[in-house]
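One chain, chain A, links the two complexes that follow: it is found with chain B in the first and with chain C in the second.
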Partner chain A sequence: MTSTIVECHQLTKNYGKKKALNELEVAIPAGRITGILGPNGCGKSTFFRTLTGLVRPDAGRIEVLGKPPGWQNNRDIAYLPDRARWYPSHTARMALEWGNSFLPGFSMERAIQLCDYMDIDLDMRVRGMSRGQEARIMLILCLARDVQLIVLDEPFTGIDVISREAIVASLIDYLEDSEQSVLISTHDIQEVEGLFDYTVMMKEGRAIWSGSTEDLRAEYGSLRDVFRKMYMKEWNK
Partner chain B sequence: MEEQQVGSLHFHIDFSQPLYEQILDQARSAIAKGEIALGDKMPSVRELAQELRINPNTVMRAYQELERDGLTEKRRGQGTYVTSSPEHVASFRTELAARYIDSFMEQMESLGLSWEDIEKYIRRKQDAAQGGLGS
Partner chain C sequence: MDSAVFRNLVRHEFRNKGSWRKQSRIRVSRGWWLAYFLIILTAVVGTMTYFAINNELQINSIWYVTMGFPYMVFFWGFGTVKREWENDTYGWWLTMPFPRAELITAKWLGVWLKLLLGIVFAFVLLSAYVFVLSLALPAYSLTDVGSFMIAGIDWLTLVAGFSPLIISLGMMMSIIQNTSLRPISPVLWVVFMSGLSLLFQLPDSVISESMLQEGMGEYQAEWFPYSWELPIVMGVSWILTYAALRFQGYLLEKKLEI
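Right, the complex of A and B next:
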């Protein structure tokens, strides 16, 4: 498949003196699970906010699903923001009902299946949930939608191993028979590196490497090793 | 490297090498060795992807190649089965043996060894193995 789902040229966004995106060049193929990898502060979240239209770039061009970002485009995108939380007073069922009434392409049946699969009690209130359980709810709100593009910003951060495994398992299950494209950003690739069939490595607002993950392995070894080498400087700071 | 068992198949996946080839090679030799019997059901793509924690597309591509090898066949709505033809497996085993010999010979030749030398090494190995059994 050669069509692209996200394309950027010279994409730039500054916050004061800090270049969050620095002439970013990237073309992400459709129908794949793409890992956007890099240490904290490398521009992953800004990139995701730009492609959902939440952040307007200072310069450059970005196309998502062949169109410029914006609210019209977002009906075809399920986005899990960084550090996403849900209303503490809601039960899981209320969160799903909210999704069912507001999110385009949401399937209640699918959401309930996912809750069952990810071991979420529908009558539990978010207030009483662990960070991992809440993260699973947020993910379910994305995965229960029939949309072309799913964007998950750091879905594995700060959650327990069980939740992490449940999330990886449901992604594998869910993606087996779907044509959807998924972008996942993470700074921690342990246990998830087998998931990505396309990889973009970011550093200081740029893509320092992008391509098929299998090519990356053939050329440089495991993602974990590559990651360690490429970001050594940051880690030693 | 992790070793994992999926049904009657064993896999060791090394994330520093392309995954597709590892799955393909390991499934091929499992069938050639008879680790999984003729006519047996293969794990589903989903099951294998789950157990190995890898992208289902990668597993699917390896399965397509196994089918092209003639080692497996898809049955509509039932999944993938190991071929029930011993001839298919035998001919694939011969092919695999030829490939192993090629790479073995290449390595030996890269050491500057002649045919006679190589034969000598093999004979010595064989004697050692038999001696070991006898004692």
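Right, the complex of A and C next:
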């Protein structure tokens, strides 16, 4: 395992006049649970899409697991896309079978255990599920993989509080003993306060702070306070 | 990618259906859909039977109900890619650890297999209808049924043979709308839609114009009423299909705008 799992230099991606990533410089250590934090539109999702090869940067360099992003690299990355949904005609079991067929390192046994733990009925169709149940299925597709890097882009968006708490609890339970590196982006830090041991704060396509979450807390107080101080303008909107 | 994974991908695409957008509409129960289907079916079959009873039905012209197949095929191709965006599943699809040219090829093959199944279904259903007519009405003979089936095979072979290209163009249209080439999509709509009509205007030397009109009495349909140029044109369309799929792989790899 490399000592840094993701490394970016001068990474830039423009959408028209908007700079989604603005000469981003960041190095994320391996084996940690890293929170990519920032308000909506700060470039978190573009960063994740870049590191899974979904979009190509306009300039700069990015290395994930020591290699440039691309489909080959995605064998070792479990990625939950932003605002993703699942195929409505699938049952939970069909979703797991999909994972088993196409995702390297996927363990059907572990996936079924996770479904049991997260209270998912394997024969229920996704179209009949709540958003929270659907989100849990997608999370299971990522967590049931034995890969070096798990990337979860806004895994809590649009999910009710109870499901959100259940998901965070399972993430904490599951990831505590895992040696996998995990990147989680969110603009909603309340529930995930205790989850991260490394934090990258983003604003306008740049990393404005990165380091151990303990150091961040020592400097600013709780993550909520950090958010309030660093994103005063967005916070007041 | 090993062949078992590719087979699974094709199977996934073949079975893939359903849309969150349609799901969010007010649901019409299955009973209502069945009722609408039966009303339309009764109207179509009733009209054809009425004309048949009055000896005014040229049975080979029944194949005209399938004349819209080429357009339908284009929109199947278009829809199969569009559905990934509509359902917000494109992130899962495009981050699978396989070359995007293979992802798109599996999608294409899934649609083509569905189409072939649809063609066989239409052929069997219409042939069965004409067979029943021939048993019930003295104006139609078993020879006419044979002629009807031959004309159907001739026409549907044409649809099946050109559909690989049409499906791939439909898919390309949808992909282009999600890439940096999006500004050219209005032009491509015009080109593709008018281009489809070319299929119906291939010169008489390639496709006989009266293929679907003849077929009764002394005008029996014949096997393969095309000239030798048709297989060549079809072969060229398959080469173009391959090129179109490779191009789509390139677009998804290098030009995607999400």
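The working rule: the second predicted complex is superposed on the first by the 232 of 237 C-alpha atoms of A that agree within 3 Å, B and C clash if a C-alpha of one lies under 4 Å from a C-alpha of the other, contacts with A are read in each partner's own complex, and residues count from 1 in each chain.
Just so we're on the same page, a residue touches a chain if its C-beta (ideal position, glycine included) is under 8 Å from a C-beta of that chain, and two chains touch if they have at least 3 such contacts.
These figures come from a predicted structure and were not determined experimentally.
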Partners on chain A (chain B, chain C) - clash or fit: fit
Which of chain B and chain C A:Leu122 touches, first, second, both or neither: neither
Partner chain in contact with A:Arg75 - chain B first, chain C second, else both or neither: second
Touched partner set for A:Arg56, first chain B, second chain C, both or neither: second
Touched chain A residues, chain B compared with chain C: C
Partner chain in contact with A:Ile162 - chain B first, chain C second, else both or neither: neither
Superposed model, angle subtended at chain A by chain C and chain B (C-alpha, nearest 10 degrees): 160
Touching partner for A:Glu214 - first (chain B), second (chain C), both, neither: first
Contacts of A:Ala27 with chain B and chain C, given as first, second, both or neither: neither
Touched partner set for A:Met108, first chain B, second chain C, both or neither: neither
Contacts of A:Tyr87 with chain B and chain C, given as first, second, both or neither: second
Least Cα gap, in Å, left between chain B and chain C after the two complexes are fitted on chain A: 28
Touching residues on chain A, where the partner in the complex is chain B: 32-33, 168-169, 172-173, 175-176, 191-197, 214, 217-218, 221-225
Residues of chain C defined as touching chain A within the complex: 5, 8-9, 12, 15-20, 23, 87-92, 94-100, 254, 256-258
Contacting residues of chain A [partner chain C, same complex]: 15, 49, 52-56, 71-75, 77, 79, 81-89, 98, 101-104, 127
In the complex, chain B residues that touch chain A: 13-20, 45-46, 49-50, 52-58
